[in-house]
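My structure is below; once you've seen it, I'll send some questions.
Chains here go by letter, A, B, C and D, matching the order in which they are written, and residues are numbered from 1 within each.
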């Protein structure tokens, strides 16, 4: 029915994230920091496993590939004005970069949502690095919010399974 | 502070909608049909005024321009695989075309949300026309959902002001 | 850690739904009608299995028990004015009865959301029956929206598993 | 059409908030702290005006009155088990106390959403005080999230008007 199977889509998505300089281990580190107050001995391995589980969902893959494609189009200067400037400058009121990740976090309940809001303000680890690249040549308008969403969702997933 | 003022953004957005073959009057007709059961004598003029109000909001402009840009990139075959195929085929599980319009409808309360869900299933008027274009050469994966969102929001706006 | 285990919570929730006159089989019938256009030979058994899966999630249980408790408090005239009147009359702008079920449907992607919006307008089967009880002595302000959300989520769940 | 006009509903809602020990000025202080990094000279008066504007919306009034009513029912031990225990203990997976405020924050775009997620983790000012009351006799399961939502929405409202 589909041209690509789930494994191909997953591999492709991990590759695309690597293309913007993000390794899954770096996302796992954010997850660990988010959950540390609740599970002090949480291993990085379990965080990484949760990140992989989030990314393997088709809804996540669609959100990640779409957001990164918009960043890429903008970086190649292929968008029409005024959208080209709005995304390039990551205008304060743009907001679509925070709407699109809802496709990922909504699936993980309200803990995902509040984690996402927190990470959006407190840019931890690789999210902060992506955000700083904006001041150079890279367009990371969607990338940093997508990473925040993956980490928020993976942390929520651990919180849920831990409380059960 | 911004390169474009609100009026320029509005005019540009209306022009982009016209570019995919949609006139504001056609969206107003959907609004009228949605609200007919509640306000039998609702004029097309009032519906049109509500459509214009929705589109003039920066959140709406951002969602519309972003969604139509993705359709356009896809139509020009500029996206990488597998995203190019996924959006071109408007795959049943894609879903981002329904996430992005949340940027518009969330602002108009739950009536906006339920109107949107209804229109997504019962493709009325120009939404149906856009949907049928998919079987030809045009990519309207985001366009039809964005029109549904504008109509749903404009109808919710009338419902709210009418009950006050 | 918790006073009640998952099975107890599930049984209690099914009992509460029965208390407002709703059997799981009736929700399964709505699911079947929603999915008929896409899976013509979908069995009622598979729909019932999906309904049970949705209701067994803790997020669903919390939403259902909370909504039905508000209806009950209102029916017993225990709420203060003005809330007592607003919920008793199911005022057109109340909206919280459609917000609360988001706790259920958000977990099932955008198909859940659009199904919910559709059911909110086209009251099918037992949803319509619950809605009509409003004109008698029963308070079903939250009940009908919760049933719509369970059916919408169960149908989305089938749509997802079928396309994979 | 309605039994209560907007002014009566507003006054009643402010009174209910006072009933759980929250003055609008305390919410305004949270707004000021949220916006300080972006608008260093933001006056408390402007924050208070924004808080009042948020609370005067019917969607906010409905969410606030409903959430506080549930807290009250629980405090009076009027809810059936298991819901009585779940809300009284403010169980980690409960989540409905974060779903209900979406009725307020969704109207203020994604800035409202991310502010809310942030406040949910960093309990500032009166939110922290409400949260601590949980360890005494008061039930504030919904109250603290509602206050966070009002503050998040009021701050988003200022952010929007400031950038225009």
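The working rule: a residue touches a chain if its C-beta (ideal position, glycine included) is under 8 Å from a C-beta of that chain, and two chains touch if they have at least 3 such contacts.
Predicted model only: the values in this text are computed from it and were never measured.
Enquirer: Touching subunit A and subunit B alike: which chains?
Expert: For subunit A paired with subunit B, the chains in contact with each are C, D, in label order.
Enquirer: Can you check which chain pair, A-D or C-D, has more C-beta pairs in contact?
Expert: C-D
Enquirer: Taking each chain's centre as the mean position of its Cα atoms, how many Å separate subunit C from subunit D?
Expert: Spacing between the chain centres: roughly 26 Å.
Enquirer: Would you kindly tell me how far, in whole Å, the mean C-alpha position of subunit C lies from that of subunit A?
Expert: 31
Enquirer: If you look at subunit A, which of its residues touch at least two other chains?
Expert: In subunit A, residues 2, 58-59, 93, 95, 99, 103, 109-110, 163 touch at least two other chains, as defined above.
Enquirer: If we count contacts the way the header does, which residues on subunit C are in touch with subunit B in the complex?
Expert: Those in contact with subunit B are residues 92-93, 95, 98-99, 109-111, 113-118, 120-122, 159-160, 163.
Enquirer: Taking the complex as given, what residues does subunit D use to touch subunit B?
Expert: 1-2, 6, 58-59, 103, 106-110, 163-164
Enquirer: Show me the residue ranges of subunit C that touch subunit D in the complex, using the header's touch definition.
Expert: Of all residues in subunit C, those touching subunit D are 2-4, 8-9, 12, 58-59, 62-63, 65-66, 69-70, 73, 78-80, 82-83, 85-87, 91, 93-96, 99-100, 102-103.
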